[in-house]
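Going in written order, the chains are labelled A, B and C, and every chain counts its residues from 1.
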Amino acid sequence: MRVLARGYGALLGAGWRTALTYRGALLLTALTTAFSLVIQLAVWQAVYANQREIADYDVSTMTTYLLAGNLLAVLLSNRVDDTLAGDIYRGDHITGMLRPIGFLGTHAAVALPYLAVRLLLVVAPLLVCAAGAFTLAAPGLAGLAWFVPAALLATTLGILLNLLVGLVGFVTTSTWGVRYLKGTVVAFCSGQLVPLELMPDATRRVLECLPFTAMVATPVRLLIGRLEGTAAWQAVGVQLLWTALGLLACGAAWRAALRRGEVNGG
Amino acid sequence: MIEAHELTKVFRMRADTRPGLWGAVRGLFSAETTEVRALDGVSFTVPAGERTAYLGVNGAGKSTTIKILAGVLTPGSGHCRVDGREPRADRNAHARAIGVVFGHRTQLWWDLPVTESFRILARLHDLPPALAEANRLLFDELLDLGEIADRPVRTLSLGQRMRAEIAAALFHAPRVLLLDEPTIGLDLLLKDAVHELVNRVARERGTTVLLTSHDVADISAICERVVVVDAGRVVHTGYLHELLRRAPTRTVRLEYAGDVDPAAFAHHIRLELGDPVTVTPAGRRRVTVQGPPELVTPQRVLAAVTGLVAVTDLVAPEPTLGEVLRALYVAPQPARGGR
Amino acid sequence: MTTPRGTLRRYAGLAVLLTGVGLRRLVSYRSDFLVGVGAFALRVVLHALLLGVIYRHVTDIAGWTFREAVLLLGVAMLVRGIDHAFTDQLWELGRKLVQRGELVRYLVRPVHPLFSLLSERFCYPEGIGEAVAGLAVIGYAAGGLDLDLDPARLVVFAVLLLAGALVFAAVKLLLAALAFWTTTSLQVMTAVYELADTARYPLDVFPWPARLLLTGVLPFALTGFVPADYLLHGPSLLTWLAPLIGGALTALALRVWSLGVRRFEAVGP
């Protein structure tokens, strides 16, 4: 157990240093995220030019929703899919298997410092700037209390989903298409770009059962108090369910991949 | 054909981040760099048609020199000419004149079969169709492409790929071939195959070859001349056989018949031959004599023991290149970052 | 061989050859390719649906109706498709070619390194698919709009499309070339690419600093809004500036690329 902990500790340190190596890129990520936010908010300002409320969202609630959603989405990008698929493409998963700790765990562990750096250097400064620049609907204490665990589950889901996407590298030679597909689906189906309440009811009900809304819409709706009481427990329950399913799916996919590898002679 | 004159190159590298979390945080703001002097005034020439080995330990500046000659790295100072041209003066002309293999970095089209890469290379270099076809047949035979002809390069084994790389570098019949560690990671049989490939094509065409390696086998199999670098400077140039003669020690092994006390016998030989010589009894009725070449010659050893024992066998093996090189690397070898 | 015409003919021949090679390579990765095309198709559908969702609640955004917004979407896709079909390999430059030193491959070939680089993915079918989908979307939107389509107008529109594609390619090259200094710039490229996505909205909705940015600094307005606005509302100042901006940005990008290559050769692959 201690050896295992030390192994992961070493990986965390290495991941942190790697993440810092690209600090220039990190700064630019922050800038472009900020700009993308400004663009989205401007579009919504224009939408709100002729009405006060859409589906119970007034301007400040909508702004808060989009801000939280987009900042959370910054933490959904964790590079795990890229490094994992790269390892598989080069056949490095063989050496990965020789390490004393799980191969998938290794990759997931590398994501943690990466996310920490993003949280510290991208999300936090943007949050401070946005709080100064826009009128936001201040979230309540209950909202914040719900948001933190829900956001943690959301980032976990982000890692699991990217692991699965990376494992596609065993099937296709380039995972670029799958990753792009994933990015598209997550951006549109997670509720990052538009709140679920604006969608037709049937669409909304389907999306609420999918894992993607659990990655953005659920934590954000909890934050702004759109989900309360039973609905809140239900939404977090769905998140937990998807996390469990994601873990199982990663394990199953990895074992299947190993069997495939044995058949092909590694 | 290749002239290097006082080439220098200094790399600046970001200093390693200090260990620990605090070190990593500090790494966020610091921009400390360390200087690594990879080349420190390297000069040498390779005459046309000669195959020369460029030798040195890891980090001695071998790859740096090859990159400068290939035109993908600018020297800090000094200049070089390859096929009568500064590498960076006319990229296209230079690219036609040289073929280059950089160790593990592929220049083939990774997702395509080797034959397809050859087809593209023929067009990129505007080879006349007849020459392209002749080359295709030649390498088809040399690489034994039959079974792997249609497989993407990335599925080939390391040995197959390395030979394909070299074939691709030779495909446009360049006048100069630069090889950077062409056999790294290959087993003995595969190394032989690489040697044969280079020898066959380069010797037939009179290609000038510069090969870096720290593998003695590559050198003795392919090259007749050597340039030895150490710590960014040339420490020796000359023909291989001359270099071998510069061995700092010579060994003579002697087998004899007759009953003598081995220790006393050894002591006697040492006295006869002179001081820095060492004599070690090696098993039953056998001694190994080692020392400076002028003291340890078969004749002198023979003279020293005549009358004491009957000599049944006397062997004076050629010194190995490894022994010679070890003596040439005068400077202590600190860990240097090779690039 | 060294006359400009000879050089041009040589490069054209090579482009045809390498396009064929690229297509054949795709055939061996059919599943990858299909996933890629599917992903693009899905993105189009989802983008249109997103517009639909917003227009469920409003009739116009800054004076743009649903059909007009869809036309803008189609134009943006078409421009992006044209660029995508020819410069997709720049992603590899930003991702790993500098970091792993693999760029040397293009520096020891007897053709211009940038041509050599781009030629690995010439006429990329994903891009062509995107352009065709864009045309289809434009067709759908135009069906419900009363557009004045005389030949002169179409020529100007085509020039604007080309200028937009140049802008896209130049920005991509600039960002990919950042990797020469930062070893990899994939994340920046991805981020800015996302940004290009959101810039498919009418320029009129943005505050002036964003408008300035989208026309003067990262002129993504030229890749969708300007051609679509011309088609819908006729010429404006930006119509005439667009080709100039596109040309200037391309020149700048090429300059940065060659500076980058020089740096790559100085610090060592």
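The rule is short, and it goes like this: a residue touches a chain if its C-beta (ideal position, glycine included) is under 8 Å from a C-beta of that chain, and two chains touch if they have at least 3 such contacts.
It should be emphasised that the depicted structure is a prediction, and the values quoted were computed from it without experimental measurement.
**Student:** Give the chain pair that accounts for the most C-beta pairs in contact.
**Tutor:** Highest contact count belongs to chains A-C.
**Student:** From the centre of chain B, which other chain's Cα mean sits the farthest off?
**Tutor:** Most remote chain from chain B, centroid-wise, comes out as A.
**Student:** Averaging only over C-alpha atoms, locate the centres of chain A and chain B and give their separation in whole Å.
**Tutor:** 50
**Student:** Taking each chain's centre as its mean C-alpha position, how far apart are chain B and chain C in Å?
**Tutor:** Centre separation, chain B to chain C: 47 Å.
**Student:** If you average the CA atoms of chain A and of chain C, how far apart do the two points sit, in angstrom?
**Tutor:** 27
**Student:** Can you pull out the residues of chain B that are in contact with at least two other chains?
**Tutor:** 111
**Student:** Of all residues in chain C, which are in touch with two or more distinct other chains?
**Tutor:** 29
**Student:** Mark out which residues of chain A touch at least two other chains, giving numbers and ranges.
**Tutor:** 173
**Student:** Taking the touch rule as given, give the residues of chain C at its contact with chain B in the complex, in rising order.
**Tutor:** 1, 10, 13-14, 17-18, 21, 24-25, 28-29, 100-102, 104-105, 107-111, 113, 120, 262, 265-269
**Student:** Give the list of chain A residues in touch with chain C in this complex.
**Tutor:** It comes out as residues 21-22, 24-26, 28-29, 32-33, 35-36, 38-40, 42-43, 45-47, 49-51, 54-55, 77, 171-174, 176-178, 180-181, 184-185, 188, 193-194, 198-200.
**Student:** Quick one: in the complex, what on chain C touches chain A?
**Tutor:** Contacts found on chain C: 29, 31-36, 38-40, 42-43, 46, 49-50, 53-54, 56-58, 61-62, 181-188, 190-192, 194-195, 198-199, 201-202, 204-207, 210, 213.
**Student:** Quick one: which bits of chain B touch chain C in the complex? Just the residue numbers, please.
**Tutor:** On the chain B side, the touching residues are 9, 11-12, 64, 67, 70-74, 88, 91-93, 95-96, 98, 100, 102, 105-107, 109, 111-112, 116, 120, 123-126, 152, 339.
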